[in-house]
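Same chain, two partners: chain A is paired with chain B first, then with chain C.
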Partner chain A sequence: MFRQGSRFLSRASTMRWCRPFSTDLPAEAAADSNFVEAWRKAIPNVEPPITPSSFMATRPATPSSIPSKLTVNFALPYSSELSGKEVDMVIIPATTGQMGVLPGHVATIAELKPGVLSVHEGNDISKYFVSGGFAFVHANSVADIIAVEAVPLDRIDPNLVQKGLTDFTQKLSTASTDVEKAEAQTGVDVHSALNAALTG
Partner chain B sequence: MASNAAAPFWRSAGMTYITYSNLCANLVRNCLKEPYKTEALSREKVHYSISKWVDGKPQKPSKYSLLCLYLF
Partner chain C sequence: MAMAALRREGRRFATPLLSPNPANALRSSLVPYEEPVLSGVRCISTQVVRNRMKSVKNIQKITKAMKMVAASKLRAIQTRAENSRGLWQPFTALLGDTPSVDVKKNVIITISSDKGLCGGINSTSVKISRALHKLNSGPEKENKYVVLGEKAKAQLVRDSKKDIELIMTELQKNPLNYTQVSVIADDILKNVEFDALRIVYNKFQSVVSFLPTVSTILSPEVVEREAESGGKLGELDLYEVEGAETKGEVLQNLAEFQFSCVMFNAVLENATSEQGARMSAMDSSSRNAGDMLDRLTLTYNRTRQASITTELIEIISGASALEG
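Up next, the complex of A and B:
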């Protein structure tokens, strides 16, 4: 009954020591070689199945010298805004403050707050307003940014922002329960950030 | 057990990260200029949307109800 038990136990104990940080992804082989080997032994006349992970491009290894460009992947639930784009710098609105990411940045995971994400590419600066999400900066000068909603700044209506700001400031003063207060506070935060993004 | 580290205000009020981040996203969508606002809000209403990828770019997503998905 517990034939496989020892295998899992030994695997778990060895994993504890060799498991890398989630930010420094190793350039791994796409398929699990043990699985492919076992498959070929059991079913030699059928090719091993192709799993989603085998379609993924392997991560480039961390170069010994710092590259001149930062590779950015910026994804939303419904679209891929930037995919493997080489830029000079991105400024990420992290909860701990604005975070400028240049090539060779130390590996980090940052939670995003509502704010402006700016992508600097030579003299071109493209700015997005992100509502929240996460940024993963890897040691190999690759940054993955994921957000729930992100829009270019020129698509925001300043009148609606002002209206929302006054609405939620009023709601905050009349809110009674904790959840209502938190919702109103979130509204004030988001609209203040939108306002700052448009005016600043 | 939850850590004793200071939690954000929304967490202390009992909201989850999903609730909070969707709330923020919705507020942002409501502040968009007109053609984009309807597009962004209606995007959230669909249960399933399928977009074809051409040359590494997603095309306009087409909407399918749950029933249509079973027919594929």
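Up next, the complex of A and C:
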């Protein structure tokens, strides 16, 4: 008898898992109703186009107490490195200096500079070298990090970094125009940041 | 006696048979009204059908090949488009989705393909762009187009040439990457003054369905104005800004970065939709060619059968006439 009961319970729990599919996309609710109304009035014979918010899962509201984990989205143009991952802490290379983000961090918009982004999860620390971008920390303990390029630190060749650093330092000293100078300066900045990340 | 019978039989048959052989002096003398055009009509009709069958078969081969090419391109680009979807979401979460924003200078960026034969995706984005133009037009308002791709250019140049600010084509000559798209975005930012950019593209959903989509990007000044006046962007004031000296500078960088990221995703989505649409269009046209080929084969075989039957009748009747 109890065997049957357990099976029934397990089925109930799997059914509960199946349910959320029907509410997966809150498409109509999230769209801008003013826009749709104005569209229908002005152009009645064409269906209003979709806007990006209808493809997005709504972000959770700010909880009253600080959650124990930080949700991180880390996106690159060619992949989503982390998406909705719950971690303990991230350290972001902001232009003003390294910025540690814990759950309950104040809402912030930060520009990134070339440097090391480290994601702390328990005892695991994964380090990426990012080339620049933006980071948004929201009040609901969600952090969005967008970078143009990022590589795990262990895939960088120290010899090439040294070589690049000397190359660009030389270029900077011989640069004549402003554009050349700026390019060489960027190269030196990136390579010295890489060097610091590898040695430090 | 025999001659008379032959003459009788011949007269009975010769009229409906349309003799293919004018050398048959006997019959041609018997049927004085036979027209020279009709001679050999049977051969020509099968020849015409055979030619059409050949051309339809060639067309089917071409459309099948195009479908294969589109399918393999689609697979490559679809993963890239799906991977780039994470890129715009943080911006929408932060700056909101504001298609209904009311500003003076609207710039509509229409993304389309360079090549045709891909269903209705280009005309859809042109239609939506025109509708957006109409929706946002009014006194003291400016609407401009920025056109990406040959096909939308051809359609928009016809009736709104004076509104087109910038045209870019041959986007997909090289495989799309972020650097290339950010150069395009930079070009647009440099050459066009705007309060709001509206990017019109087809979002890829599946091989047979594409959703016309409008992404809105506001200029930093408008973002600041909207944030101060509350409303949808009201929450932006709660954010601490780190980075450059002033908030405006950061917002400027942010808007430019947002534009390049959203553009990147939009261009990829549109390219994916293009390949998907081309694939389904080519699929249906090769199916149509197959149907047509079936019909033509049927006609051809029927004609052939009829001519064989006619010949048999001729032979048998001739023989029976000789016997009789």
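Rule of thumb we're sticking to: the second predicted complex is superposed on the first by the 151 of 200 C-alpha atoms of A that agree within 3 Å, B and C clash if a C-alpha of one lies under 4 Å from a C-alpha of the other, contacts with A are read in each partner's own complex, and residues count from 1 in each chain.
We take it that a contact is a pair of C-beta atoms (placed from the backbone, for glycine too) under 8 Å apart; a residue touches a chain by one contact, two chains touch by 3 or more.
Keep in mind that this is a model prediction, so the values were computed, not measured.
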item	value
First (chain B), second (chain C), both or neither touched by A:56	second
Residue contacts with chain A in the superposition, chain B compared against chain C	C
First, second, both or neither for A:108, with chain B first and chain C second	second
Touching partner for A:148 - first (chain B), second (chain C), both, neither	both
Partner chain in contact with A:91 - chain B first, chain C second, else both or neither	neither
Chain B versus chain C as contact partner of A:83, first or second or both or neither	both
Touched partner set for A:43, first chain B, second chain C, both or neither	second
Chain B versus chain C as contact partner of A:139, first or second or both or neither	second
Touching partner for A:73 - first (chain B), second (chain C), both, neither	second
Intersection of the chain A residues that touch chain B with those that touch chain C	78-80, 83, 95, 133, 148
Residues of chain A touching chain B in the complex	78-80, 83, 95, 114, 129, 131-133, 148-149, 151, 155-157, 160-161, 164, 178-179, 181-183, 185-187, 190-191, 194
In the complex, chain B residues that touch chain A	8-10, 12-15, 20-25, 27-34, 36-37, 40, 43, 49, 51, 56, 58, 61
Complex contacts: residues of chain A adjacent to chain C	30, 32, 34-35, 38-39, 42-43, 46-47, 49-53, 55-56, 59, 73, 75-80, 83, 94-96, 99, 106-111, 133-134, 136, 138-139, 142, 144, 146, 148
Chain C to chain A touching residues, read off their complex	80, 83-94, 96-100, 127-128, 131, 134-135, 177-178, 200, 203, 211-216, 238-244, 250, 253-254, 257, 261-262, 264
